[in-house]
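Chain naming follows the written order as A, B, C and D, and within any one chain the residues start at number 1.
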Amino acid sequence: MIDDNPAIDDTHLVDKDSLTTVDMGVNLGGLLMANPVTVGSGTFGNGKQYAGFYPLNRLGAITTKGVSGVPWAGNDNPRIAETASGMLNSIGLQNPGVESFVADELPWLATCGVPVIVNVSGHNASEYAAVIQRLETESAVSAYELNISCPNIDCGGMGFGTDPQTAYAVTQLCRKSTSRPLIVKLTPNVTDISEIACAVEAAGADAISLINTVLGMAIDVKRRRPVLARKVGGLSGPAIKPIALRMIYEVYQAVKIPLLGMGGICTASDAIEFMLAGATAVAIGTANFTDPMTAPTVVDGIREFCLEQNIPRVSELTGALL
Amino acid sequence: MVMSDMTYPACNADNNRMEPGLGGGQPRQEFCSVLDNGFMAESIAKIRLLAPYVAENCHPGQFVHLRLPNLEAHILRRPFSVYAADARSGEIQLLYQTVGAGTEHLTTVGRGAQIDVIGPIGRGWQPQPSAKRVLLVGGGLGVAPLYMLAASFRTDVEVHLVMGAQSADRLICREPFSTYITEPCLHITTDDGSAGQHCFTTKVVKDLLDEGSFDYIATCGPEAMQKAVAALAAEHKTVCEVSLERRMACGIGACLSCMVETINGPQRACVDGPVFSALEVIW
Amino acid sequence: MIDDNPAIDDTHLVDKDSLTTVDMGVNLGGLLMANPVTVGSGTFGNGKQYAGFYPLNRLGAITTKGVSGVPWAGNDNPRIAETASGMLNSIGLQNPGVESFVADELPWLATCGVPVIVNVSGHNASEYAAVIQRLETESAVSAYELNISCPNIDCGGMGFGTDPQTAYAVTQLCRKSTSRPLIVKLTPNVTDISEIACAVEAAGADAISLINTVLGMAIDVKRRRPVLARKVGGLSGPAIKPIALRMIYEVYQAVKIPLLGMGGICTASDAIEFMLAGATAVAIGTANFTDPMTAPTVVDGIREFCLEQNIPRVSELTGALL
Amino acid sequence: MVMSDMTYPACNADNNRMEPGLGGGQPRQEFCSVLDNGFMAESIAKIRLLAPYVAENCHPGQFVHLRLPNLEAHILRRPFSVYAADARSGEIQLLYQTVGAGTEHLTTVGRGAQIDVIGPIGRGWQPQPSAKRVLLVGGGLGVAPLYMLAASFRTDVEVHLVMGAQSADRLICREPFSTYITEPCLHITTDDGSAGQHCFTTKVVKDLLDEGSFDYIATCGPEAMQKAVAALAAEHKTVCEVSLERRMACGIGACLSCMVETINGPQRACVDGPVFSALEVIW
């Protein structure tokens, strides 16, 4: 899957018994990452908030908050609820729109020394494509992640990700707009995730990211109301890890393009589980809230694991279940 | 639990809105030892932590975001105002009310336990340096973020405090506040009349504003109370700041869980607040 | 929904301020339960194992382990894995078959003084119907729960529950075999749970139970293998509660028949959340493992809640979101 | 940590297969105080619990299923063999090895903490009452369920023990066992030769069986070792019981997580075992 990456094609040089360094580089559908760890869109702002905790170039890539063509207001408060080993959110892709993103966020992101994956939202296929077209001339952008899986907006979002035809159509239109790496992010709220994965692969996606949040709900029994103003929201965090892993495992068998795995990753061991199931790279989402140092800690832990296990290239972990 | 032996950092008028995590007095993650933790009244407790960075850098009105120890299924941190901070000893104090699983559990954490703390966070109080007569209005545990503020004024500022509680036994901070605010300026109310005046804080605020003018009002407590205080302040054309609570995930400005509607558009309670100009907020 | 239950039609007699008793009875599609709490099939054996902890007539009903026409061997070991606030299982409906169930389990169950819901499994529609036909003459049986949602068998099980036509067909065939209350248990592993719910309602189901487990996976990074011998398994426990609640909420709006809610219930407050979302009764599953006293504790807690909130009949909680 | 001042219930030959939860000496839920908890060797610890019901009713070879305190996201209990039980004082002891999150965390639980315990569970050892010369074979922490068995034999029974460990410092129970089994009958092996013979237990078992006949063998430890011991026993036509570990959810026979393939069909390790006749098991 990533045989075309010359930087990591040196197994023959490595003396397994004296491994002192690990090649942490991965190639996510054309996006070269110095290590396999990025962040989950929407859980990391546009990076500034975490820059005081560690230099962001310790990440393999930054993934931005969802960006749409025009400003979106998002949903009413409360927007979050805590659940057992997880949380629900119904932020609703609040964002100031692509122009403001280009003006206020991109210049700073360009200075971080790390690839930038822009997460793209829209209410219909042409809105997605319009965001991409606007960003094509921006050199700070390295790749796009199409969010066709947000459960928190009424029109667009998850609707695109539950139907193979619509998923195909939006991917194809965006594909025509860019030759940059195009990642399509899928929703787990489907009967057959492989079917959707195959559709977006056929439409020209370079990689697939999964999973977005699982539709869920919480109720306040005293107030007799849903906790979230929007009633339902997206479940994320450790609770959903087994669901995410299963889907990575299924999709890895169904498609040839690489996978960006996420859903409840908190530790290096979690991340390695995702890679073994078939992910080329992984994203840290909700765990950023629990511990802002999660992402660099996971990077270090993956490296240590490879050293211990005499694995010279991290990319060897991908799909390497025995 | 005596507070009077502590000194507090003076209020810094340069306390601008911060984008956290960019160095300077910005939030950091500290692993803090619990010095002491215990009830002060029914369902109200105080925890003392060794948190040198927060203690040194905290402005009045800022908060910390802490991870509940030994509650692994509760993945979100919990925000608490810094009640007191002593840069010399590195100690901070938080007051908390047991309202749910997290705060209930927090009461079981003993001396010596380690707590993962992010702080100091947010925009604190920003009284005009020229203010000469100020009014602080705290309902319930809303008094917590007002204590460092009370301590921050120069001695020539006349500081009034209206402190409301359900009942006398829940007036937990009366004594510490008396270091900075004494009798004629200290106005107590209780819902049941067991101490001070038998009314809500807003009644006293109204009377005080009717009696004489203030340069600055700071209020924290139930949102309905803050809204009413804000309305009174607006009526009397008095500068007023409020401190708003929202459910928070990241606590550092990244997730947009904690939005407050303002006339300047949606703002994050965690880093654009928790203290807002009362005139800015769309209630 | 349960207006036809005369036993609980006495609101006018109750002085709200002096509530001292609560009518805990519910009517689950014709099955009268003394309280709204049963157990999740497969998490309670056939009851004997829990009879030493409390008298089983403290339950509203007992739900048996899945029963098939002939003995089923189940899956290889390991069959379980612990996950964050949850567990995976791939038991695979191991059971000694309906004849052995009738001979070895029913006589004892008949003595418990509590309705018995037999959970029915099959590889095809006629196998389900055959189990029901065999049990029709057994007076100890009060109701059937068709498990068309087990993720742990290759043929049958969840396959029936992901397609509305098949769900309709199996329900219809079983409906023809019995006039006892027929509950159909749905899988959450679908894009649109309401569609399946409507299909089984149209086919004559008296009630719907949901959710069965969510398909998931766990990987042992050191051994580089899936933890479960079957690789994937069903996720249950508190982790899935938000998913279950959301589905109850959706299905309650889509069908008229009553719902038996389950998925991560551990406390009375959890159970009340399910009732507010639309469940007429609830089942305690995985929580039996964590604490064998969960079910009676939940019954008591629901009663206390009703007393505190001046709710004379527990059935008033169903769907009572404000 | 001295064991010799404890007495143990005699082995009950009527210890039939139990369907738990049906009264009598059946499993109950007890909330137990931790009396003591500490390391005995690297990654091996002993915990003492006040568990009067288990202490009174436990047969050698039975286990308890305990809930990990303060690990709310770990919803499954953990099974541990009862190492020692004193009906008089109500105390039980467990030996445990830190192998994962649960056992790691268990080491942090201090004196006075409460642990939710279900027990005693399962089919214990069932040596023939007529047995005169018996052999116990314990690998690693597999010695734990053998200690109460050793204590249960009448003094006219010749009890041999083969005790294997990785190294000398991990031979944690040598001293307590010596109350019941002395020199010529105590056979130590270590993987690294740092104590006793430098070999696996199976080598010694083979030698002993070749030298003279035994009436009964009981073994616990790594499954490969148990299988090898079972094969040697079969060769020598000696009655042999093994104690098998399986992942357990309920621990009381309800969930079918813990199946063992036997010639009598699938059996539950929790209640049909953990002790099985070696001849019954399909390895």
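Definition applied: contacts are C-beta pairs under 8 Å (C-beta built on N, C-alpha and C of every residue); 3 or more make two chains touch, one makes a residue touch a chain.
In this text, all values refer to a predicted model and were calculated from it rather than measured experimentally.
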{"item": "Each chain counted as touching chain A and chain D at once", "value": "B, C"}
{"item": "Averaged-CA centre spacing for the pair chain C and chain A, given as whole angstrom", "value": "35"}
{"item": "Euclidean distance of C-alpha centroids - chain B vs chain C, Å", "value": "47"}
{"item": "Multi-partner residues of chain C (each touching 2 or more other chains)", "value": "84-86, 237-238"}
{"item": "Numbers and ranges of chain D residues touching at least 2 other chains", "value": "72-74"}
{"item": "Chain-level touch network, classified as line, ring, star, complete or other", "value": "complete"}
{"item": "Residue numbers on chain D that touch chain A, as the complex places them", "value": "72-73"}
{"item": "Chain C residues within the chain B interface of the complex", "value": "84-85, 238"}
{"item": "Partner chain A, residues of chain B touching it in the complex", "value": "19-23, 26-29, 67, 72-77, 116, 118, 246-259, 266, 271"}
{"item": "Complex interface listing, chain B residues touching chain D", "value": "70-74"}
{"item": "Chain A to chain B touching residues, read off their complex", "value": "42-45, 48-53, 65, 73-74, 77-82, 84-87, 89, 91, 94, 237-238, 286-293"}
